[in-house]
């Protein structure tokens, strides 16, 4: 271990702010792109279901018009 | 009662019509006929106050519309060539915003029912640009049943409508006239008897 | 919702549905600003000297790109006619539309300004002056720009014409804004310049809506 | 040639491939990233010149390398799409673009944060950072172009051409910016030399590089599946997939029915 104590590790030889800021932003950005991709996947599948129901409603409305003609 | 006195209008230095006067009483359907380029659309736009004539005046209930517009616009519904709906919004949003602008409050279910009446079931929340021209026309037409306007000024309302659409529109025109409404419309297909009796006003093409 | 909410909310929703048209002027602004260090010189003090001018010129050019969106869609799909027939006074409608346009195009520009200041090595005082001039200047851009957009909305090739009409009119704003930031760099007070910009803004806020309404009627005719 | 690749031109096979690859990518990414970061932060020796601030290298260098690498991979996918007319190639190209842009942003941010203690300013027009910024603009261009088209088939082809134009320009931009930088060397910015990499410093760097690559692979598979579902929405296999996904989650009522009462 390069550092004597955990506090020294956190201090990063005086550059704590820059090191932890860059690591934080990096993993934050990676997290955001990953989560965004997964939630888009969920929304897309939900959208497919909505499209299915929309088709069913349109078909059903067409039937009603045929019968009422 | 909508009256036009001595209207003159020229577009790109060609006088479309001059000294044109007409009176339309409530409970009357005026069918404006004329070849392409005769100035039908320009006349309609002048009657709605959207564009101003070179000379002459348009009166609604005896008052000049260019002076006090709010009273006239409260009773007016104008359907132009353009549908007046934004492509990226859905039919539902377009209509609810339009109603808000015209100070008409209508429960959401009525929106759905009117859209069902014009045959747009299931397409209520689809962005309008994905709809066909005829369907977009129906979204614009569905405003007829949402805002109870006395005066209907329709510019070729039947374009891009299928047979069922035309029949429905003519039936509602007949009902509107029956209720004492006033309609001025142009159309390239002759009005069938379902639209009830109507007066014809001919606009010749001037060179 | 009330009358004017009908327009404001509609513009907001349309704007968020067409996100690309919002982001592109901002990217244009960022790219124009990055051209200057490459073209002129990367040394920090040169950049600091030309910084305010560069940011303001880039802001004006990028606003010209976004400006056309104000009435173009509404004119083409006929919504503008329906506004005119809605009984709402057209100057009020134009004011609401300009406010919505300002919120959607220029507030992101304000949010981007720290990055631009960093790229051009502006000091903190200069940055504060820059933000103040942006807050006062950009509504002025929107208001005056809307008049020219109202006039050119009917034409097919309105884009370049819009720039020709508006750039001369934006010159006073450019002069006072950049001089305010420059005097901030020299630690001199810059309230005079801000006051002049504010005066121009108030004048535009009072008169522009009527001019916009008139220009829309002209292009509708 | 490349016979084994042909079946993956069809979208359903490509979807299954992504499903099988994805868990491995995620496991690889998590393992390598955690090992590499901890090793780099805690156990790697300090740099004699810059002390501990140089540890930012363990994320700056991998993200910089991979931002360039993802763009090249994107261009290769575009080329494959163009030459063999594979739709999945175009889809994977546009699936990679956002992550490449994120990698470039990371490289930019960490480069600026690393440079601050050295140069005293958050942003300096250093050669590497400037070409990284231009790369970000190239990414933005491809993404914006893809988004501008309504028909995604056309969008793929157009963005593909831009990706190829971009990849040809990357070396040109790189060397012209290097030359521009030396031209203005006289300016006040002092160019700090690359820290000499001792072997025990290098290992965590390589592990992190692998970790980042796995991460990019993992997110690309997810986004590629998104793109496939988006483009093949009317295909029966996508509808079956979506239906049973919705059923085993919670058989909610039809979405549009709630829209009718809810809005």
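The first chain written gets the first letter, and so on, giving A, B, C and D; residue counts start at 1 in each chain.
We take it that a residue touches a chain if its C-beta (ideal position, glycine included) is under 8 Å from a C-beta of that chain, and two chains touch if they have at least 3 such contacts.
These numbers come from a predicted model, not from an experiment.
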Exercise. Using the touch rule from the top, work out which pair, A-D or B-C, shares more C-beta pairs.
Key: A-D
Quiz item: Taking each chain's centre as the average of its Cα atoms, which chain lies closest to the overall Cα centroid?
Solution: C
Exercise. With chain centres defined as mean CA positions, report which chain is farthest from chain B.
Key: D
Self-check item: Rounded Å distance, chain A centre to chain D centre (Cα mean)
Solution: 16
Quiz prompt | Distance from chain D to chain B - Cα centre to Cα centre, in angstrom | solution = 54
Practice problem: State, to the nearest whole Å, the distance from the C-alpha centre of chain B to the C-alpha centre of chain C. | Solution: 37
Quiz item: Quick one: chain A and chain B, Cα centre-to-centre, how many Å?
Solution: 47
Self-check item: chain D, residues touching no fewer than two other chains
Solution: 256
Exercise. Scan chain C for residues touching two or more other chains and write them down.
Key: none
Exercise. Please list all residues of chain B that touch 2 or more other chains.
Key: 122
Self-check item: Of chain D, residues touching chain C in the complex
Solution: 121-125, 130, 133-134, 137, 140, 144, 147-148, 177, 180-181, 184, 187-189
Practice problem: Enumerate the contact residues on chain D facing chain A in the complex. | Solution: 37, 41-46, 51-53, 55-56, 59-60, 63, 98-99, 102, 105-106, 109-110, 113-114, 116-117, 215, 218-219, 222-223, 225-226, 229-230, 233, 238-239, 241-243, 245-246, 254-257
Practice problem: Name, in rising order, each residue of chain A that touches chain B in their complex. | Solution: 54-55, 57-58, 61, 65
Quiz prompt | Residues of chain B touching chain A in the complex | solution = 116, 119, 121-123, 126
Quiz item: Which chain C residues qualify as touching chain B in the complex?
Solution: 1-3, 5-7, 9-10, 13-14, 17-18, 73-74, 76-79, 81-88, 220-221
